[in-house]
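Both of the next two complexes hold chain A, though its partner changes from chain B to chain C.
Entry: the complex of A and B
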């Protein structure tokens, strides 16, 4: 039962991720990316990481991709989209960049030793995550929030400058 | 195994049927309520075998009309997305009901039965994320119609929904902090405590958060004080290119979201299925009277209490909808970002301070 579900959602993730790249219309790409996020969230649910799954849906599918869709719809990329990321001179950069990224990914993945997750209790998932965030990883957590604050202030200042 | 599955299927049927029927009935309530408030008679024409019963057949007649109407798709629309959008809207409004507890947990013949379709650890986050996914139906409808007016309506709707989702999520954090759980069943059970015979419901502990959540939930339903995305009467909204049952589905989504907002308000602030002084073995009144009741009756009373509270909030939201005029767009954004969000953040701070000091 569990492996059937896993392969269903894994196929969904891989297929939609490929469709993101191969679909012609940027808006359709974003919609396929939403489906990818759904598949990933279901995979998290199967790992009993309910909190991560819910946050995945809320932040990525519910907020960030909506903004992507906004930008694509507002700029009306239907016509220009084709040129800008398929046929311009930038496409020759794609292959080396992808290679570098793949090598990086490979080295990182090889360094991880995956341990069994049996130590985590299923019920206390949110609690244990919160506990870790506010004890062991407090400093990185605070630094990330400062980075985000800087980003918010930066966009505010940029938009105000154009406004005057 | 099979027993549990059968219980879940029955429960799903009850919750789904209850939500859909209540949403359908709300179309009638809306017409009658507005009629009462504006000193009219209201819908009373539809009749079956000469029976009128206050126009109760109007939802059926409306539904029949919507199904039989021509289903028109504009020539230059994105056909698949245009057809998909209303289904996306209704789907996300419906699956949000899965995490709402309609009654207390109990044991029957050695099986633990949760009166909650999906017993999720992070139920509250699940509902918030599903509600935020509802934006896609609106955005898709605006985009796929290939019409500038519906596109602008879609943009208005999604910016409004995203703005108010933030306040909605932040405002209920006070409740989560006090009850220490994201599971809605635990939140309801925590509201069964008493402080000098006053039931510790969310509305007494977090009144500020109640009003913030009420306002944000009303903005999420896209109904009248916040109906800029739709603006049926003069500005046209994201579903201007829809007809027949697809238009009906967008309308159904609004009513479903009203029911969902009522159910959430009940669960978080009005004690869900809790009845004051009703414990698991019967009533224990503060003046000493005790009524002993069998467990099935206690559970049943809880479910009935939950339904009554939900219906009360549906009526209340309906009354607000026919009382207040529409906001202007800049007022809407100012209310969301400059008034409600800071207040909800301060609310979290005050709640934390009080919890540390007490």
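Entry: the complex of A and C
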């Protein structure tokens, strides 16, 4: 039962992720991305990481992608030109390299035995997550606030129109 | 008193820098007078921080279940980043006329990136490593796009954004493999797993290779170098200088920390990987530099070449190799920042980055011409200067490991690089200037450039003190 569910969601994630890349209209790409995020959230649920799953849905599917959609609709982006990304000599190099990478990935994954981590909380409740964030991972957590600061500073500066 | 502060807290340096960043925000908001001099404030406070930090010499601790250590190596690296930071802050002052707005914010972004570099210097955990790298990268996304009405700067920012995000993805994917195998993101746990009998060396190697994609992007070594020429050309010059020294060094410092974990377990693959990377990077960077017309693009290709030299130290894989890499990075700091500072001062007076316009610089400003001459000669590796000794150490480390062909390739590339560096020297000293106007220089830039020159010549002649310091630092992680 569990593996059936896993493969269903995994297929959903992979196919929608491919569709994100291959759709010609940016709005379609975003909608497929919503589905990808949904599939990922389901995978988190199967890992018993309920809180992460909820956050994944709320933040990514709920907030960020809706913002993406707004921007795309406001900018009124047209269907992108066929030749924009998908031409040039580099594509002939990209294909064999990707194949080599996939073959390598396959051989590696086939012989892997993930032992997982028992130390970390897999129950996914907020209490254990918060406990980890404020003890073991306190410093990365604090540094992330500076990453956010840099991002806010950047968006303000790069997008503000009339600067005094 | 100073030592008391540091005893109080193992994070005095990081917290100090964070306080400077946030304090400058408030200064910028509330004081019109301070807003004008925010660069000087930032410089002065950082200098104070460096002095306090230096007074903490030999005060080493580890914190947060040893995911964060202050050992001799991280002390050395944080001093490296602080010196870089001081230079970049000083040279940004000569560039601020190019920004139509957001002068003070540019300094804050520089400080934010440095905060990421300083936490990176002390981390022994993949999670913190990734977050610090993101802090550096996000700050650079913005800095590279800072001239937002200039299409070249927008192109630079966009290319850096897309390729930076892609390489971060690879890095994270690699970390997830390593974490999945060993059950920990902590370097010492991973090292313990790697030497245990149950270790799966193949998968671990695969994870390491993916991590190398992210690190290689930072270092600007060959298969991950595509962004360098365009970004170096389009970004504001202080940001380019910072990229070429701070961000590049960050990549190499990560690799130094990782050497201990991974090198003993797959030596053959390691040596093969780094000799190949080093050879291709050397050839590509040095041949690519020859036809360049724009000085920033030119220095970009030359920085790819230098990444090739630095990788030679990892190809050797020995402690001597690591010593050489660290020494080379210090000499590269003074040399490259000196060259970029001249580029900034030159473009301030002439609004040009074209190599053709450097014709007759010796008649327009003998000081600038002499400074650039010394910097270029040190980059090429001419004997009494710092660059020579760095290259000498690297080639010696490689020869000791019997990689003779790599050493010969390195030496041949010195000759090639001497050719293209001398082309610029010829332009400056022999060609006639099209516009004989003298280039004005403010005294603070003169002092700064003199310090950089003193560093280049000093490290070239008195190698022993820095080398001893580096040796003790490398010993602390073995």
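Operating definition for what follows: the second predicted complex is superposed on the first by the 107 of 164 C-alpha atoms of A that agree within 3 Å, B and C clash if a C-alpha of one lies under 4 Å from a C-alpha of the other, contacts with A are read in each partner's own complex, and residues count from 1 in each chain.
Methods note: contacts are C-beta pairs under 8 Å (C-beta built on N, C-alpha and C of every residue); 3 or more make two chains touch, one makes a residue touch a chain.
Note that the structure is predicted; figures quoted are calculated from it, not measured.
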| item | value |
| --- | --- |
| First, second, both or neither for A:54, with chain B first and chain C second | first |
| Chain A residues touched by each partner, larger count belonging to chain B or chain C | C |
| Which of chain B and chain C A:27 touches, first, second, both or neither | first |
| Touching partner for A:140 - first (chain B), second (chain C), both, neither | second |
| First (chain B), second (chain C), both or neither touched by A:154 | second |
| First (chain B), second (chain C), both or neither touched by A:7 | neither |
| First (chain B), second (chain C), both or neither touched by A:111 | second |
| Those residues of chain A which chain B touches in one complex and chain C touches in the other | none |
| Residues of chain C defined as touching chain A within the complex | 18, 21, 64-65, 67-68, 100-102, 105, 108-109, 112-113, 115-116, 119, 125, 127-128, 130-132, 134-135, 138-139, 141-142, 145-146, 148, 177, 179-181, 183-184, 200, 202-203, 206 |
| Complex contact set, residues of chain B against chain A | 81, 120-122, 125-126, 128-130, 132-133, 135-136, 139-140, 142-143, 151, 155, 158, 162, 165, 182 |
| Residue numbers on chain A that touch chain B, as the complex places them | 27, 31, 34, 50-51, 54-55, 57-58, 61-63, 66, 69-70, 73-74, 122-123, 125-126 |
| Of chain A, residues touching chain C in the complex | 104-105, 108, 111-119, 136-140, 143-144, 146-147, 149-151, 153-154, 157-158, 163-164 |
